[in-house]
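All chains are identified by letter, namely A, B, C, D and E, in their written order; residue positions are counted from 1 within each chain.
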Amino acid sequence: MPFKSGRFQKKWRDSIPTIVFLVICLALWQIIVSYFKLPLWLIPSPIDVLKAFWNTRELLWAHTLTTLLETTAGFVLAIALGLAAGVAMVLSPLIKRLFYPLLIVSQTVPLIAVAPLLILWLGYGLLPKIVTVVLVCFFPIAVSLIEGLEVSDDDLLNLLKSMGATRWQILYMIRWPNALPSFFAGLKIAATYSVMGAVIGEWLGASSGLGVYLTRSSHSFRTDQVFAAIVAITILSLFYFVLIAGIRRLALPWLHTKED
Amino acid sequence: MPFKSGRFQKKWRDSIPTIVFLVICLALWQIIVSYFKLPLWLIPSPIDVLKAFWNTRELLWAHTLTTLLETTAGFVLAIALGLAAGVAMVLSPLIKRLFYPLLIVSQTVPLIAVAPLLILWLGYGLLPKIVTVVLVCFFPIAVSLIEGLEVSDDDLLNLLKSMGATRWQILYMIRWPNALPSFFAGLKIAATYSVMGAVIGEWLGASSGLGVYLTRSSHSFRTDQVFAAIVAITILSLFYFVLIAGIRRLALPWLHTKED
Amino acid sequence: MLILKDVSLSYQDGGKSVLDVLKNINLEVETGKFVSLIGPSGCGKSSICNLIAGVEVPAQGDIFLEGRSIKGVPGQVGYMPQKDLLLPWRTLLDNVALGSDIRREDKRQSREKARHWLDRFGLGKFAEHYPHQLSGGMRQRGALLRTFLFGQNTLILDEPFGALDALTRREMQEWLLNVWSQSRPTVVFITHDIEEAILLSDEVVVLSHSPARILDKIHVPFSRPREQDLLLSGGAINIKKHLLDLLNGKRNV
Amino acid sequence: MLILKDVSLSYQDGGKSVLDVLKNINLEVETGKFVSLIGPSGCGKSSICNLIAGVEVPAQGDIFLEGRSIKGVPGQVGYMPQKDLLLPWRTLLDNVALGSDIRREDKRQSREKARHWLDRFGLGKFAEHYPHQLSGGMRQRGALLRTFLFGQNTLILDEPFGALDALTRREMQEWLLNVWSQSRPTVVFITHDIEEAILLSDEVVVLSHSPARILDKIHVPFSRPREQDLLLSGGAINIKKHLLDLLNGKRNV
Amino acid sequence: STSTQKAAESAQTKPAAKPDKVTIMLDWTPNTNHTGLYVAKDKGYFSKEGLDVQIVPPSSQGTVEQLVATGKADFGISAQEQVTDARVQGLPLVSIATILQHNTSGFASLKSKNIQTAKDFEGKTYGGWGLPSETETIKALMEKEHADFNKVKIINIGDADPIASMSKGSIDLTWIFYGWEGIQAELAGTPLNMMWIKDINPALDDYTPVLVTSEKMIKEKPDVVRRFTQAVSEGYQYAIKNPDDAANILIKNAPEEDQKLIKKSQAWISKQYQADASQWGVQKASVWHNYAQWMFEHKLLDKMIDTNKAFTNDFLPKA
């Protein structure tokens, strides 16, 4: 226990400079806005944003819940699909040759271009938002996973082969743990993008969600609310990010006995 | 020479299933559209798309050139910035602690939300488009690079330390080559997104570029042209992707003597 | 019976020229025999092991085990590679039990067995350590134990005792002789220690410089069980001298 | 003069208990002397090397080189770790020239020098090979050459000849004695081969089981240059016996 | 032809030493609402006035108002609703001309849905552009007919094709500019029910779209504003007289778009630009006041604004 709390304290101490830095940035922002008397619609001060946040907290909370639901569903789905795709492509070179190019191609399609089509095909329910989240998250997950699964130590692979391991066993005994760091890098990228995916989805067509709050605020020139929405989106994304980082710690104990 | 052409032929032979698969997909699409007589505004057939492509080829080419320019400039800039950020953060833990959280936070901000601000600050020349490309590409590059630079074999690090190598030397002799696979994974992700970034930038306000072609087609209900634009964007992205994959081969000879 | 028949192997030397490693190797190891391979560094001993283990495929020739060709077929023999190759993400215990996991045996049982053997190897305290927390000799013993617990009738051991001190090495040799005499697996054993080869083997095969040919096969006639003292006997000293001469290139066959 | 003064080291044993590896080690190595360390597997020899090389920091005690404390200061000695640790992305040639690169010496010149030595080590043909294309012994020789070309006055060699066959090993021993007598660096040498220790060293230090203490320091009185035949002399056989007894725990000091 | 015409025109005017560079940002993709601007550029009306005009399409509806307010764009196309909203929030925007005399927009639905009055909105899905004025207008309309606004599902459809969305059944009704989306529906053979905004309530017959600039421009460069408005006015007058030719100019400047649509739309809208007014672009104070008043009464505005500051006819060519 004393050991653990020590680590916790260290974490705290480590993040002091970051917090100080952030506070300085915010103060500077506040001062500049106040000093030059910049109008609210152009750029709100941090206090304005905080006020907007507080004043619309219930509304914001309701919208956040929608977005949270969409993001979580999409993210989980994207992980599942990413895993399936990665594993299938590493197990079967044929599948890789058939679908890897398609996977790449699918990602090059700009969301804002297909978004209207998506809506047209899928309607305005939750589905198209979940699909956009999946579209945004799937690719970094799948690519990082595939890259990670493929770069494995040849000697270890040979060892397992020499022990008569099946492809599948080689996959989960060697390739998979070896790919985990890369996989988590992909997950981190995906986590940061996930909420954005949902917001884009909502911007396409939705009746609730942070994207809706955002466009409505923007169209009624409430820049303070726009910033409040951005803050909410950021907090949400960071939540996923931190979650992933935490899971990473648990999933890679052999790296952490080194790092400690 | 015979060896090289042999490899080339092999490559060709390897991609036959992919091509066949693609052709089958296209044929299926054509048949479904024709059979169910789906209206053009819902989904055009491949032949419609091809026709639209051909009929507006000169226009498309002009727009493509603009986008190409923006993307290339942005991509190169993003690589430079990603490298600088990655290296700085690995060399200095303080910089990492200060800026890594900001880096993450910056990515969670949805582009479409800050887009208006971008134009407000940068005008509507080439600059905001290049900035969107940078924003889209920088993050995957930086995160993959940082992850790659950090996961290095402790024993190798100790060896170099024991030889009195400076941080900088350890960086480019150990961490850098060790990070290359991960870095290239990031570059691949970035390459696929780069053109999308430019298109988003154009969507903010532009008089030329594939994004302009896209919205104009979409707003005048030319779904066939929308698809033609998507095809053009895809081809462009694939171009970057293939370029990166090619450079990877050259940059990682020690992996390729294994793979061959 | 393990048979290498006219086996040749070569590598593409950085894309430029071809490097011949093995040339027409013929080797027969009777079932239940203990055969050592010795030869200069880089001559191709590990390559022979890779071929038998099925992770590499010879350019020419064939390899038979009990009459069936095992050329390029992995999983037929227990193989301990020269590098210890413990999986960095598994604790020592889990590394040692790898073979059982591959065979999908009961986890609890296999761990119990592994722990028992780790205790016997003096590694009990380190069962939960990851490989990077172990010393070189500990890793090597772990790798040996993994191969042994994989439990095949044919074992290929590539310098299993290279990283051990004299005492531990002797203990391990005695352990190996002991378990070998109990279950009598076929063993192909690579070592640089001529005395070790004499002490353990029924036959010592001497390889030439690269491209490796077989210089001589020497029968070791001592009865078993053997003790370390045997090495001081005149017969052993003669064999040792013969082997040294072969390696030094002083003797032609 | 290299001095380890009351050095202790312990590891957090998987977060649970504390594993004491070294306990109050006192060791003095005069400048220009050749000292070997022997001891059971896992006793802490590599740990001592890590401490001297400055990549680990002792929990207690201090380490001095020529009067200055080098505790936790890397870059003061040439260090060859137990694992060969060639950089996978460098060819053998570039690996061998690593030290010169770290010192920012002229590339062409350092490569020329490296190539010359590779030729002498019989590795000239493999200069452009990547480590994964080399045999175990070749990698080890590459690592030794790298340490040697790094050119420090103090060398820490952790089992440099473990993966070599008898003949190559003897050649390398002779080479080492030769270069050592020319430039007289201070050498701390780890080996499992007692004969090797006697042949090469001015002093042999024997370590106990973990946590390591120094059991005895034995002066090797033979004049230099030494030949392999020396090992057959009565004096050498006595020392060997003494060392074996120490390792076997039969003799108390 | 155009080139000789241009030469003649530039010979008439003083050789402008250095044309003033101005930018105008559109409200949406180039469409027939903007024809006059392109005509003015193409026919050299701008250069005649010593202006070098860059027309910037935002590709999607966006943020013209902020850009004009900060001076990033000198002029912009907006709408009375947005200008009113913007002024409430403190953006110093001024409308200097209305492109259309009457509101050509309205609530559209498929004929088959049979939506005739605001009462019929109940239980329907409305696909909108994400503007506050939409929800507010619908709310006010429905309250007037004692319908329950909460029974309408409001959806942002962003950039999706509204006609297609209705055909697909994703939404039931939407707010369109008849001159563009309505004509498209005609071309696609999709009969629509239109509830014209101007028919619902005279107060709602507001100006949309309008030409806007900032108070700062008016104060600092009134001359540029005058010359600009002059040229634009000329452009729209040309478009009123020569719909077919004007359509070709637009097509030339937006070759990506559907020619048939532009032609047909231009033919329809050319008649609407000036309509019953004495002159293209003039705005009535009553329209500005009544609309804001109506919004304020329905609690759609936080505060009433001085509508006379929101527009001006001063820069229109003197008849």
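One rule holds in what follows: a residue touches a chain if its C-beta (ideal position, glycine included) is under 8 Å from a C-beta of that chain, and two chains touch if they have at least 3 such contacts.
Here is each chain with its UniProt name: A, B = Carnitine transport permease protein OpuCB; C, D = Bicarbonate transport ATP-binding protein CmpD.
Only a predicted model underlies this, so the values are computations on that prediction, with no experimental measurement involved.
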item: Required minimum of steps from subunit B to subunit E, each step between chains that touch; value: 1
item: Centroid-based (C-alpha) most distant chain relative to subunit D; value: E
item: Comparison of A-C and A-E (more C-beta pairs in contact); value: A-E
item: Whole-Å gap separating subunit A and subunit B, where each centre is the average of the chain's CA atoms; value: 18
item: Rounded Å distance between subunit D and subunit E, as computed from the means of their C-alpha atoms; value: 84
item: Inter-chain centre distance, subunit A versus subunit C - centres from mean C-alpha coordinates, in Å; value: 49
item: Shared-contact residues (touching 2 or more other chains) in subunit C; value: 14, 83, 132-133
item: Shared interface positions of subunit A, touching two or more other chains; value: 42, 112, 116, 120, 154-155, 203, 211, 218, 257-258
item: Subunit E: positions in contact with at least two other chains; value: 63, 66, 70, 159, 161, 164, 168
item: Subunit D residues within the subunit C interface of the complex; value: 11, 13-14, 19, 38-42, 44-46, 82-83, 125, 128-129, 133-138, 141, 159, 162-169, 192-194, 244, 247-248
item: Touching residues (chain side subunit A, partner subunit C) in the complex; value: 155-156, 158-165, 169, 173-174, 177-178, 180, 252-254, 257-258
item: Partner subunit E, residues of subunit A touching it in the complex; value: 39-42, 112, 115-116, 119-120, 123-124, 202-207, 211-212, 215-216, 218-222
item: Interfacial residue positions of subunit E with respect to subunit A in the complex; value: 63, 65-66, 69-70, 82, 85-86, 89-91, 125, 127, 129-132, 153-161, 164-165, 168, 170-171
item: For the subunit A and subunit B complex, residues of the former touching the latter; value: 14-15, 17-18, 21, 42, 94, 97-98, 101-102, 104-105, 107-114, 116-117, 120-121, 139-140, 143-144, 147-148, 151, 154, 181-182, 184-186, 188-189, 192-193, 195-196, 199-200, 203, 211, 214, 218, 226, 229-230, 233-234, 236-238, 241, 255, 258
